[in-house]
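Dropping the structures in below, format is structure tokens.
Here come two complexes built around subunit A, the first alongside subunit B, the second alongside subunit C.
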Partner chain A sequence: MLAALAAIPILIAVAVRLSSAVPPGRGPAFLDRITQNGLFVGVTGMLVSIPLFLPLTVGVVAGDTVAGEAGLGTLRYLLVAPAGRVKLLLVKYAGALVFCIVAPLVIALTGAAIGAALFPVGRVTLLSGDTIAPAEAVLRLILIAAYIAVSLLGLSAIGLFMSTLTDVPVGAMAATVVLSVVSQVLDALPQLEWLHPWLFSHYWLGFSELLRQPIGWDSFASNAWLQAGYVAVFGALAYSRFVTKDILS
Partner chain B sequence: MTGASTADDLAIEAKGLSKRFGRQLAVNNIDLAVPRGSVFGFLGPNGSGKTTTIRMMLGLAAASEGTISVLGQEMPRQLQDVLPRVGALVEGPAFYPFLSGTANLHRFDAADPHSVRGTRAARVQRALERVGLTHAAGKKVRAYSLGMKQRLGIANALLSPRELLVLDEPTNGLDPQGTREVRHLVRSLAADGATVFVSSHLLAEVEQICTHAAVMSAGSLVAQGTLASLRQSGGRTLRLLTPDAGTASAVLVRLGLTPVTDGAAPTTGVLTASLPDPDGAVAADGVVAPEDIVAALVDAGVRVRGFAVEQGSLEDRFVALTGEGFDIAQ
Partner chain C sequence: MNRRLLRWMPAAVVPAVIAAGVAVGSLPASAVDPLPAKSPEQVLALVAEHKVDALSGTVQQNSSLGLPELPQTGPSAASAQTSWLELLSGPHTARVYKDGPTKMRIQILDPMAERDVVRNGRELWWYSSKDQSAVHITLPELSATRLPGHEPLETPVKPGFPDSSSMPTPAELTDKLLAKLDPSTDISVGPDVQVAGRTAYNLVLTPRSQQTLVGSVSIAVDGENGLPLSLQVMARGQAEPAFSLAYTSLSLGAPDSALFEFSPPSGTTVKELQPPPRPLGAYPGRDVLPGRDGMPGSDGHSGGFTDVGRPQVTGSGWETIVGFRVGGDALDAEGLLAREPLLQEAMVSVPGGKVLSTSLLNVLFTDDGRIFVGAVPVEMLQSAATPR
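Entry: the complex of A and B
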């Protein structure tokens, strides 16, 4: 799955390299900047992965946590070992968290690497007009990856809860991915504006502040609070469900 | 019944245990008493509630009513203390198909917080040896046959020294040699002092290895006790070979029996009649000893050519308790 994620920036870079100049303003944001500075491959890769590809992979990983073990039948043997239900849930969620951290990082760093290999690398112009050195730009890239990692925490907690509801991992995965799409659709409807700040996908693309000088932390903080709320609520639901669940798989 | 056994003598004790799934009562108010050190056969047709009972025993499912204690401690409350001393094979083996047999056992052993890491490799090796799987230990479980998976499942139950082994259908999928090996294994575990709780629908198997047994039918426990007492309460059958079937029949009726005539020839008939329990549970007006029956028959001038008292088999008893054929009681 990480290989598939790494393939995205590689595809972008190769496609841009092989095609003639992209007219500015078409395609994903920053796409036209890639030819001038390879580091933008990382940003573009993350940007195009946020709506679907990242939630998809997080949904697969988080949905598989408990339901995957139940589907294999190994859940009963882990619990009889006895692994302890709370401990098992925590270990499983920790695994999903690690994936949330690693996934955007893989896109960012693969992107930066392939971009540096295929395109010139130089000072990067930020959205505020300031320019920064390539080394600092890579740092910003990692910062954006961290922002996205935080963004995915809520979804991974939802996936963990879904995973405790069923013995069919595909069901939990699909439900999680569908919820991420629904959340984004709701976020796009202006009639539901009152709901938007409460949707876990609301701040997903809100990392532009990290591309300014000085860096703004407002949306990072709002996002972190929102995701923490989702983790608390769905973590508690997953806990209460799993601790009392009859393991019949 | 095992009679007056105190809780300390029991490896597993269920009191009024019930499990309800929606409107269906999977286990209905059972009282189970498994003595320590016994090899206990848990019998019943498919769907009679055996595995559900085992799940409650291991804390996988919560009882709807009643209590179950294992090794003297109540489940599932004291699960963390009890389960490290219990080895289990529940409803077939289950493994990570992409890992080798050894790696699977390592993983399950690591899930037990009480297991000692330093001895893990040696214990895994020893468990694999005991089930004869050393040669395939490095193969991915995906490539295992059903019997090999079954052996690996048993090996998983033997990773640590256990006081109680709960083996659900341990010989499922095994070839005759494998079945024999499992029987040897169960005997050797019992010889080491462990209590072995074996669920099975294979009566011959239970008859060969068990000291005690219980029979489940449609969620209820219909019989339990030592194997000898179960066979006995199945009743004995009298078989009489005589040319004077008519007279003999009259004599047997006079003795309070209900003879049934077999055989086509009226001259040399075979009479069968079930004999009352020797403990006198059935016959109210005194027990008729087999020798008295023969004496009475000879007195009446019946030419007795053959006379036998046959002990009922466990199979007869099982069928009598759980019903015949495929019509499994629901």
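Entry: the complex of A and C
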């Protein structure tokens, strides 16, 4: 799955390399900058994958946590060991967390590497028009990856809860992915403006704050609080469901 | 069974705790020290003598003018064609940095893009990250104290104000508004308000005229240093503010001086402009009509404007109607409409021309090529347009 994610920036870089120049202002933001500076491949890769690819993979990983074991019939053997259900749940969520952290990092670093290989690398122009040295730009790439990792925490908690509801892993995965799409659709409806700050996908594209000079941390902080809330609520739901569940498989 | 219920407790308690936390957090901070009572004149004086010239803050602008709202979501930035119209509809956030009268930077934060105005002494830069273009003006010595106009934004606030800068700081807007005060307006001081975490006097201006579309204008004035913190314009018969501009965060003190040093990054299309012979924005309504790249004068407007007749002003106070004839090839009503398809859709046909109607301002484009602008009902514009 990580390999599939790594393929996204590679595809972007190769496509841009082979095609003619992208006129400014067309296509996803930053696409036109890639030819000037390869480091933008990482940013573009993350920007392109946050609406669908990343939630998809996170949904698969998080939806598989408990339901996967149940589907294979191994869940009861795991619980025979004197580890306890809470510990199993925590370990499973930790696994999903690690994926949330690693996935955007993979996109960012693969993107930066392939970009550096195919395009020139120089001072990076921020949205504000200021330029920063490549080393600092890599730091910002990692910051953006961290921002996205935080953004995906809420979704992974939802996936964990879904996973405790069913013994069919595909059901949990699909439900999680569908929820992420629904959340984004609701976020796009201006009539539901009051709801927007409460949607877990609301700040997903807010990482542009990290590409300005000076860096704005407002969106990072609001995002972290929101995701923490989702983790708490769905973590509690998953706990309650899992410890009361009759494990039959 | 009890044990089972107990285990569902966290699932109920955690959301409840979060809901309680949110409810407490969103309560208005009460029990702050009330400001000493002041008369409207004293508050005006406080504004007039405020000496805050170094600050950094975030400004939030909201408009609810009854114009169609443009969708702003998705990873790609909005297209350039809609750039000036979208400034009038929907919310905008900008960061403002100011250090003394000649150093200023305004960053309009768009999704995945940014527009910047940087002024450092005589150097004036405009930068748009969307199409990576920049405009550079070297200001003449004379105007070194004033920032010429750049972005249409606040024109609908009230006609008759020479509006100038883009995403203006609340201070600039209010100074202009107060300078225009005359007996047509009732001024009072409302209950204290909280803006950007600071306690402020709330100066309320209510037009005495019943004809104007403007319901009231309220200005929050920092109780400590007299800095205007927010501006809110209510339209008649509309519950939410038609236009509001307010600091959401503010810190006093000089910002990092590196912020004011701007040089265009490589790959940027830079356009050198001569400073305009007279301050831009001298005529209301002019600023609403920039070129499609959002820069007044960048496609020959300032050149073509000189042969356009002087504006004709009728009415007074809040009922002021400004009419002008558009001529030449630089700017005419038809050409303007053709350039802005969205604008065309927002127009309504009335006898004698077309009307662009918002909750604060009506603009009448007559069939014979004149434009009338006023914060008054359409009928008054039409009667102003009829030759006497």
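Just so it is clear, the second predicted complex is superposed on the first by the 249 of 249 C-alpha atoms of A that agree within 3 Å, B and C clash if a C-alpha of one lies under 4 Å from a C-alpha of the other, contacts with A are read in each partner's own complex, and residues count from 1 in each chain.
FYI, contacts are C-beta pairs under 8 Å (C-beta built on N, C-alpha and C of every residue); 3 or more make two chains touch, one makes a residue touch a chain.
These figures come from a predicted structure and were not determined experimentally.
In the three-chain model built by superposing on subunit A, subunit B fits alongside subunit C with no clash. By the document's definition of touching, neither partner reaches A:Leu11: not subunit B, not subunit C. Counting the residues of subunit A that each partner touches, subunit B and subunit C differ, and the larger count belongs to C. Shared-chain residue A:Thr244: touches subunit B and subunit C both.
Touch criterion met: A:Gly84 reaches subunit B, while subunit C stays clear of it. By the touch criterion defined above, A:Ala133 reaches neither subunit B nor subunit C. When both complexes are overlaid on chain A, the residue A:Leu195 reaches neither subunit B nor subunit C.
Within the superposed three-chain model, A:Val98 lies out of touch with both subunit B and subunit C [touch as defined at top].
In the superposition on chain A, A:Val48 makes contact with subunit C only, not with subunit B. In the superposition on chain A, A:Ile215 makes contact with neither subunit B nor subunit C. Taken over all C-alpha pairs, subunit B and subunit C come no nearer than 8 Å in the superposed arrangement. Shared interface residues of subunit A, touching subunit B in one complex and subunit C in the other, are 244. In the complex of the two chains, the subunit C residues touching subunit A come out as 4, 7-11, 13-15, 18, 58, 69, 71, 73-77, 79-80, 95, 107, 109, 111-114, 116, 118, 125, 127, 129-132, 134, 256, 259, 262, 264-268. Of all the residues in subunit A, the ones that touch subunit C in their complex are 24-25, 27-30, 32-33, 36, 47-48, 50-51, 122-123, 125, 127-131, 187-188, 190, 205, 208-209, 212-214, 216, 218, 229, 232-233, 235-237, 239-241, 243-244. Within the complex formed with subunit B, the residues of subunit A that make contact are 72-74, 76-84, 87-88, 244, 246-248. Here subunit B touches subunit A in the complex through residues 55, 58-62, 79-80, 83-84, 86, 88, 90-97, 108-109, 111-113, 156, going by the rule given at the top.
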